[in-house]
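Shared between the two complexes below is subunit A, which has subunit B as its partner in the first and subunit C in the second.
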Partner chain A sequence: MAKPKLKYNSILQREVKSRFIKDKIFSGIVITLSLITISPIVLIILKLIAKGYKQINLSFFTETAPNTFQAMEAINSGNVIPGGILNGITGSLFMVFLASIMAIPIGLLVGIFLYENGTKRYANIVKDITDILQGVPSIVLGLISYFWVVKFITNGFSAMAGSFALFIMMLPLIIRSTEETLKMVPDTIKEAGFALGVPYHKIILRVLIPTGLSGLITGILLSISRIIGETAPLMLTALGSMSVNFDISKPTSAIPLLIWQFYNDPNMVDLIWSSSLLLMFFVLALNLISKQIISKRNK
Partner chain B sequence: MKWNVEKTTKTLLFAASLVIIIIASGMVLSLMNGSIPAFKEFGLKFIISTEWNPTEGNEHYGALPFIVGTILTSVIAIIICIPLAFSTSLFISELYRGTKVASIIGTMVDMLAGIPSIVYGLWGFYVLRPWIIDLGFNSQGYGIFTAGLILAIMVIPYATSISTEIMLMVSNDLKEAAYSLGATRREVIFNVLIPNARSGIFTSFILAFGRALGETMAVTMLIGNANIIPKGIFDTGNTMASIIANQFGEADGLKLSSLIAIGLLLFVMTGLINGLGKFIIKKL
Partner chain C sequence: MIDELNIQEKDAVLDIKNLSVAYSKGKYAVTNVSAQVKRNKVTAIMGPSGCGKSTILRAINKMHDLYPNIETEGQVFLNGVDTSSMSTIMLRRKIGMVFQRPNPFPTMSISDNVIAGYKLNGIKLKKFEREEIVKKSLQDVTLWEEVKDSLNKKGTFLSGGQQQRLCIARALAFQPDVILLDEPTSALDPVATKKIEELLIALKEHYTILLVTHNMSQAARISDYSMFMYLGELVEYGKSKEMFINPKDKRTDEYLTGKFS
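Take a look at the complex of A and B:
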């Protein structure tokens, strides 16, 4: 009697065992592939630090980019390339600032509009168009800004044109994050306001915006981190400049534009790493700050 | 007459929404308007012509090499992206759900998403390209495959974050029911998780594909910039975005119009792909 049962058990055991082994192998593959996925971030950051730290000094932040002869002389005599990327830093900040003062108010208003009219047909169309805008390749936005601003408004490459391209890029990001944030504000708070007879604009200013403030700020920071590294649209619009420029109708440099310029100039190649390191620092800092805000809110 | 704040607020909000409509429709009109000369000269043949000849007097432009280049690089990117993004989402949403490891991996994926295209391009040029040369795929290291590889790294975080969200939405009851019947984790993933999240996971790859189509800088730096139809995946080529970035500076007249026409085609392609993705997501 006992014999067949034992046999059955051993088959069962083998079957169970093979299932467990399969499970282990599968987990192993998933973990390995996940580690491969994240390895580039480590490799890229290490590479940027290893190659870029040498060039980071005070003049890197206070002087404009050297010309190719200065760089060549420095390389030939074994020195660090003189100068810095001040024109890129100021240009990036300037254009991001211009894009922000256009995109933030309009983005917030449209976001509030979508939140308030979410179920209506027109609002849904606006929502779909916002999604389409978000998917438009940044180089196409550069083309558009070239047409509208470079050709018609500033009659030449300009900071205005660059920031307009960044503005169109930023707008859908802010709209969607505003709408998502406001959706999380409990209706009861809003209704309490209405019940007290508070007018509509005060509900927005005193209830919706303060309650969702951390979410709104996060959305804005993340959208800035997305546009600050953009290169392609700026190539068609802001072009670049060797000096610091705060005139919206003149060509302006930006950190990514300088990286592109250094990349194409054999004498300046050493500067690409430090410039990229600084750009990455901006992007990651914005990301980490917004993560911090989110986790604080969730507590 | 008393100034009606209520009404002004509503009007203001509505006016802001019009800005979106104006920008989007203006964009389409401008692109169409700009590409009229090219389509007038070459007709619809512009799309299927393979010649790109800027010699004056003998100018001829066709978009096919770039359409092929764009699709090839993006397809390679998605093929590489699928197993990696899928595994990473499983790692975060299933294997190590809610643990510290998962949140670290998630943060690193977000960081990957934040790296600017030009930095990916530099890294690809100075790190990835020598590897491709060492592996003996081709002597210069440039080409469709190299560009596809860097695109894969760029779109993986995008696909991963959408897939992860979808997988986290699969009801725990279903999974627990399967576990209680003695299913292993692999069996739960294949018999419960995937069937339930299938269309969402699929969509994440469609949207990642749409993202890959329009990437510019990294591709421009790695694809080798040859205006011909690539003969193989290790051949050099150009994508729609990279030809615009490369040639826009010195373009005018018919060439400029042709580049804009390519921009219009790219706009339509990404619009269709993204629209398809959004459509499936809405149905979920």
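Take a look at the complex of A and C:
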């Protein structure tokens, strides 16, 4: 047999070389784009820390917001602004809590319902409504809560009205995450339960929910992180308050409301940064915990 | 056919009469199958993909009831009792099922997986009962020695073959009359497959085993009786030894000689 004239090896080498270069270029592009994406968040966090750390001390967490004269005096004598944002922290936690105890059970139940009836017509209608609800601007939800709760139920701005708006924001998020989580539970696990004679509702309670539990919790945490920074709907509903309030029928403060208030007061500017830092910390912590749960589950 | 197989009325654990199953109206996946399954034997169901093997198996423990579109006609008798008159929990306590892919409950420990049938149904067990059921079932599937020190670990930590034996143990925990297995070894390696095959042969002393398999040599190795299905029909049913050597139907012959698969 004649020896082939063509150098097969060199063809392959040529190919390998050009692929190597393409790989390099491609990963260069990917790295650059990733940097562009993460730089805002890094810059934001750095800025918040640089400008906000001064104000973060014990009284920041244990005292309510100062009034503008106290702040002005402190600035003039070169001190940090006294007081803290306790009324905002408690208000945020209180309203998120109220919204959660409404949204979690309803969201889980509707999510389970959608999962079980996914192909039926009325389930699809519910699904569409959920999607629409998810897209409604939060200020509109605030308006709705204003007309329903502020005007007719609590007869004034209130924690109830604020948490109602947050509840409607949370609801579609939990519904969809519940449905998606349950969909990820393999049918074979469900059938294993059926083959043991386990009735339907017990399969849902004792097989599906435990199997998808980490996903359900993750969905809830992410929905909380989504609403905890909401400002617009609270302006029209909870209004804000200078003192700590745990009465659902009274106006209540929240961290984002305080930030807005501080922004409107030239003496309080320093508190904007520390409050934003705390809010950012909440959101990041919720996200990191969720990530942790997800990665544990995937192990 | 009954005379031919020499199955006496008292030897028939399952008696399937004119069973037809349609996944949607008029589209039959299984048509008019009648057969008796003999006690303490391994009976294999063979046939090309899509011929209705799984469909028959799932009709026996009424898994089709879960899906309202599926229509089932005919009757299945278990020890002479019409299964349509039994509650699903009673029926499935007497007929265990093992699936193609091992499917232990991922949130449960090994021992909880074994007694999952009790736990999920809310049947309370005393501690000694629980321990005995777990031990006995795991011993029956030759898994006890391998896992006795890690009963509280998750079942999903086991190897595929171990998981499948765990699933068989889960089915045995109710001491059923019949165990249905749908291609239980198709996701396993040859060593794990061999273990399961040996296990099934040992189990027939106490249980009746109905096994769907794609694998003709598996059917030849472990089954006493074989059914050959084609296009939803039960074409041939007989003693495995006779059927493999001397099939009566041309279609069985063609399948066994690999003319189609």
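Here, the second predicted complex is superposed on the first by the 264 of 299 C-alpha atoms of A that agree within 3 Å, B and C clash if a C-alpha of one lies under 4 Å from a C-alpha of the other, contacts with A are read in each partner's own complex, and residues count from 1 in each chain.
Note that in this section a contact is a pair of C-beta atoms (placed from the backbone, for glycine too) under 8 Å apart; a residue touches a chain by one contact, two chains touch by 3 or more.
Only a predicted model underlies this, so the values are computations on that prediction, with no experimental measurement involved.
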item: Partner chain(s) touched by A:143 [first = subunit B, second = subunit C, both, neither]; value: first
item: Touching partner for A:199 - first (subunit B), second (subunit C), both, neither; value: both
item: Contacts of A:207 with subunit B and subunit C, given as first, second, both or neither; value: second
item: Contacts of A:155 with subunit B and subunit C, given as first, second, both or neither; value: neither
item: Touched partner set for A:124, first subunit B, second subunit C, both or neither; value: neither
item: First, second, both or neither for A:235, with subunit B first and subunit C second; value: first
item: First (subunit B), second (subunit C), both or neither touched by A:40; value: first
item: Subunit C versus subunit B, contacts on subunit A by residue; value: B
item: Touching partner for A:18 - first (subunit B), second (subunit C), both, neither; value: neither
item: Common interface positions of subunit A, toward subunit B and toward subunit C; value: 199
item: Touching residues on subunit B, where the partner in the complex is subunit A; value: 5-6, 8-10, 12-17, 19-21, 23-24, 26-27, 30-31, 34, 83-85, 87-88, 90-91, 95, 105, 107-112, 114-123, 125-127, 153, 156, 160, 184-187, 189, 210-211, 213-217, 221, 241, 244-245, 248-249, 259-260, 263, 266-267, 270-271, 273-275, 278
item: Complex interface listing, subunit A residues touching subunit B; value: 19-20, 22-23, 26-27, 29-34, 36-38, 40-44, 47-48, 106, 109-110, 112-114, 116, 122-123, 125-126, 128-133, 135-140, 143-144, 146-148, 168, 171, 175, 199-201, 204, 225-226, 228-232, 235-236, 256, 259-260, 263, 272-273, 276, 279-280, 283-284, 287, 291
item: Residues of subunit C touching subunit A in the complex; value: 61, 63, 66, 88-93, 96-97, 99, 101, 103-107, 116-117, 119-122, 167, 170-171, 174
item: Partner subunit C, residues of subunit A touching it in the complex; value: 186, 188-189, 191-199, 202-203, 206-207, 210-211, 213
